[in-house]
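Scroll down for the structure; my scribbles are underneath it.
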Amino acid sequence: MFLDSLAMIALAYIFGFLYYGLYRNISARVHGRFGPSLAQSFFDSIKLFLKENSTNFGWMFYAGPIIMMIGAITTLLFIPYLNGSEHLVGLSQYGNLILVLYLMVLEPLGNAMGIGSNGNPFGVMGITRGLTRLIGLELPFYIAAIGLMIANHSADIGVIMTNQSEGYNAFTHPLLFIGAFISFLGFMGKSPFDVVGAPQEVYSGPATEFSGKFFAIALSQSAIFSFAKLLLMVNLFLGGAQSLVELVAKTFVLFLVAVLVGNVYARFTTAQSVEFLVRVPTGIALVGLLFV
Amino acid sequence: MPENTQEGFIDQQKVLDNEEYSIKNTQSIIQKAVDWFRARSMFVLAYGTGCGAIEMPPIFTSRYDIERLGVVGVATPRQADILIVSGYCSYKTLKRVIRSYEQMNEPKYVIGLGSCTINGGMYWDSYNTIKKLDEYLPVDMYINGCMPRPEALIEGFVKLQDNIRNAKSEAGYIQYRENNAFYRANQEKIFGKNTTPTFEENFAGMNQ
Amino acid sequence: MIEFLKKHYEIVEKAPRLYKLQIESDKLVEILSSVSINSNFITLSQIACTDWIEDEVFALNYILTTKERDKNLMVEVRISRVHCSLPTLLNLYPQAQVMERDLHEMYGINFRGNDTLYDFALENWNEIPPLRREFDTLAYVNEHFDFRIGREDNKDVKAEVKRRKAQAKESKDGK
Amino acid sequence: MQFSPDIKGTLSPFLAVKKLFEHPKTICYPEVKKEQIDGYRGFHTNLLADCIGCANCQDVCMNEAIDMVTIAKDVNPKNASGCIPRIDYGRCCWCSLCTDVCPPNSLKLENECIWADDKADNFLYFPKDK
Amino acid sequence: MENNDNRLIKIYHGPQHPGITGNMSMELDLLGETIKGARTHVGYLHRGFEKLIERRTIIQAFTIVCRICVPEPDPNEENFARAVEGLAGIEISQRAKYIRVMVLEMARLAAQMLWMGGQSGSIGLGVVGQWSVYDRDLILDLFEELTGGRVYHMYIYPGGVRRELPNGFLEKLAQLLDYLEGRLLAYDSIFFENSTFKKRAIGVGVVNRDEALKNGYVGQVLRGCGIERDVRRDNPYLVYDKLDFEIPTYEGCDVYSRALVRRGEMVESIKILRQVIAQMPSEGAIMQKLPKHRKFKLPKEDIYVATESARGEFGYYMAGDGSEFIRRMQVKGPSLIHGFTLLENLLVDEELSNVALIMNSLGICPPEMER
């Protein structure tokens, strides 16, 4: 099981960075340019690991990225990769959807811990924005998750996944899917909900003071976490995957939509994004919940 | 003195180059790999200090797209590797530039963009701009022009990457660390008492 | 509108749609208020200051613009360079605040009643205000900065021509 | 609180996606160079056979970028001073006033304009002889 | 001015900040994310142009004026040239006037393209900037061909313009105009009609219409308030009185109105350029005969000239003193009033997120505030 978990993390790391590279390339194509090589994100993170670190804000600051990393990895371990396979399941038989939803909140908390100790006003503002936005993000997602749990009479991700053999939840419960998907776009940190690290407004938000190795950890964390979120969406709404190829195909479709939406929309302000999230996706998900 | 023509002048420079730096060209494989990564990925601090900033949008956007070479812009000095001093630097800006530079983590490099960073440029008799950037900050690459073309800026990046990869010259940040007294004295000369905290003070403050 | 002004003041037409009026400095506020009430020239678009060091005066041109933005009126006041002081126009035109701040820094003119005359563009400037004629920027630069070495072999061409002529003559005579 | 979705404004941005299928027109600089245009104000050239060493260019240059330095061997017998211009590219602003005032029209600007160097002292430039 | 409330956080928005237009700084007092006080700090780009010009002869000074505003240097050259011509009494040929109008309008288009990149970048819509800077580069390519310079053209010269039009230049320009007109539709779909941009921009940065004329606001700020003012029509220079164009106005007073005004101006610029291509006289000297370098002297007179730049009225005051040097040249850029009087008031009670948005929509350009 240990090896299995390690493989999951390694796969998520590779896919996460590959997808990040793809994100940069696809965006570049939309911009009308070639963009960097696919491996550029790897180079970036390795270079960041090789940088000297000349700043010191105390151990609390460094614990932040590490807690974020732990949050991302544990979230990942409780989500099975494949439908009905014995491999790449990690700890998923011991946990359920409720636990995963809980673990997903660890990221902003780790961020908050790190930022609290460096006292950068932009970081504080960024993390306040992040926590405010989280309220908006969680509502529709939780409602959609509750809807699925009621429909399947189970909170186990594996059960929800296998129950979709007749039709994906995305088609049987379309309203829940739309609600959860909009919230998922926000979780991915793309426009129009990228208020947390908006460089033109709050510099780069929580990452303002992260440098060198810790920025590299934060990058790896976001890569792994993005993949975990993609995985969760595929498992919950697109019926999971029988093989790795299918998994890549399904996650890629979701990912592509997220990238394109992120590219063509402008950023909301914090208040606007929370208002939008509370009104539109939550409303849709609530109506969906009624149909369940 | 060699013949007063362009060719003679360049030949003389070439001789100087080879003698000085051929010794340093022996580096271990690990160091080579490290340098390769450093050259392959460069984060540029988003700070348009002067008029040269007008040519930064074209190179970061679709016409010249410098992201092909692994160069991207970042917002904060903590994550940046490269500081572009784009053109002339007034007193007020220089102070902020030095502050930004000292906040950056090593290894870090400075690119001086435009003639003004070399010898004053157009503003050589202005009372509010500095004339030689390398008195205050170690400069790793100068790009000539007023305004330099975007191609020249890319050429500067390519040459800097080449320098880093092959360890052709001593990186500026090492000079800044070792000859800090020299740079410090020059900075104090124009700022007087109102200088930024010293290199040591800067880090002492952070280590509390 | 310009007729009203022509009736009361001596207005010179400098160029098409550009007029000039010269007044005494103690009547500045009075005249400008009357101009802005009684005519179309309601906006201040620039305060331009010229240093006439040979006459020992600063000439300040208040450039007013009409509501229609089609005519400009330059109201010139001349004040002594030594005790240069003028009343502020902050109450008439809010934008005068920043212009006066600029002129205070560049010429050292004191605008009575404007309490925001702190640093504008310069930081920790201890010399005489830079735009005064007696401030020599080149001397200041030479005092504070060094230029890059390597250009000492610059020749004065006229001297060089003379030297070469003499040389040629010498060698001719020598032959 | 009324709900009036802006359908057109929500969907029309996705027209940008069609750019995804176009070939980028980026100029990949070190490999591909943009075609050069005649008359770009780049580096100086000086036809030594024509230069008369009059220092008009030095006089008109507001940046004092031009030094007149002694030439090693006389190329042009009309060159009374025996000096040719050398340009400090740490000063030059490529305004081409010097070429405008050159009496024999020997000083010109060429298209080449790219020069990056890691040593600041190198930027004293002898115009190419052409 | 100082705000001593303990609950306020003071932050410096700039000068090293991606959300600032150029190299300047806003000192903001924040309560949460709401701005309670704002002060503009400039001087990071102060070069003392006005002092340097006093030291240079007229011909030498001409090269330095274009550096005063980097995104759009040509109105400066035009102002300088027109002021010198006015003082020295030089009349330029009709052909030179048409060429100057062409250069000015091309520069306006290029500046609006760059503005579009900045405005969209300030709300995280990177695509528009990527496209519009590309399109701006196409205009700069034409400039390169015409003037020999990419950013600093140094082309409009007292007495005319410096170079003859290259062969086939007008045809190339006409082609480019057709292309840009098509591109404007693409920008409409992704930027001007984008629902997220509307949501961000409508009702933000509302300028008080009643004091707009009195306080000396210019350009898009006025036209975004529905007040039709444009130097090109109110106080025409060159051949603008012979050209047919409209002045777009919108009533909203907010960021969105100013964006639409700029879009309208791009359309009008294209229209003007088409007329210029059609009416361009084929004959006429582009340059009047000027006195020699050190013999070119200005009389002891003064003059004020104004040009409509892409951000509003750009004015030069110039005084000669009978010598070959200019006694005084004072620059009044549109940003001076917008950046202090207007911006400091507009930002109060706005959200931090809107600072970059508002600054970009006012078109603030620091080098012309401090020169």
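A few comments on the model shown:
Which chain is which? They are A, B, C, D and E, in the order written, and residues in each are numbered from 1.
The rule we apply is simple: contacts are C-beta pairs under 8 Å (C-beta built on N, C-alpha and C of every residue); 3 or more make two chains touch, one makes a residue touch a chain.
Quick caveat, the model's predicted, so the values are computed rather than measured.
Fewest steps needed to get from subunit B to subunit E, stepping only to touching chains, is 1. For chain pairs C-E and B-C, the one joined by more C-beta pairs in contact is C-E. The most central chain, judged by the distance from its Cα centroid to the centroid of all protein Cα atoms shown, is E.
When every chain is reduced to the mean of its CA atoms, the largest separation from subunit A belongs to C.
Centroid to centroid, with C-alpha atoms defining each point, subunit B and subunit D lie 21 Å apart.
Centre-to-centre, using mean CA coordinates, subunit C is 34 Å away from subunit D. Spacing of subunit A relative to subunit D, judged by their CA centroids, is 49 angstrom. With centres set at the average Cα position, the gap from subunit A to subunit C is 60 Å.
Contacts with at least two other chains are made by residues 28, 30-34, 199, 203, 263-265 of subunit A. Multi-chain contact residues of subunit D (touching two or more other chains) are listed as 13, 16, 19, 24-26, 28, 69-70, 88, 90, 93-94, 120, 124. Along subunit B, residues 46, 61-63, 65, 68, 75, 92, 118-120, 122, 124-128, 132, 146, 149 each make contact with two or more other chains. Every pair of chains in contact is given here: A-B, A-D, A-E, B-C, B-D, B-E, C-D, C-E, D-E.
Contact residues on subunit B toward subunit E in their complex (touch as defined above): 45-51, 53-55, 57-58, 61-63, 73, 75, 77, 88, 90, 92-93, 96, 100, 122-123, 125-129, 146-147, 149. Contact residues on subunit B toward subunit A in their complex (touch as defined above): 34, 37-38, 40-41, 43, 46, 61-62, 65, 67-68, 70, 72, 74-76, 78-79, 81, 105-107, 203, 206-207. Taken in their complex, subunit C has these residues touching subunit B: 121-124, 127, 130, 135, 137-138, 140-141, 144-148.
Of all residues in subunit E, only 9, 11, 17-19, 30, 32-33, 120-127, 130-131, 134, 190, 194, 196-197, 199-200, 351-356 touch subunit A in the complex they form.
Remark: subunit A residues 24, 28, 31-37, 40, 43-44, 46-48, 50-57, 199, 203-204, 207-212, 215 touch subunit B in the complex.
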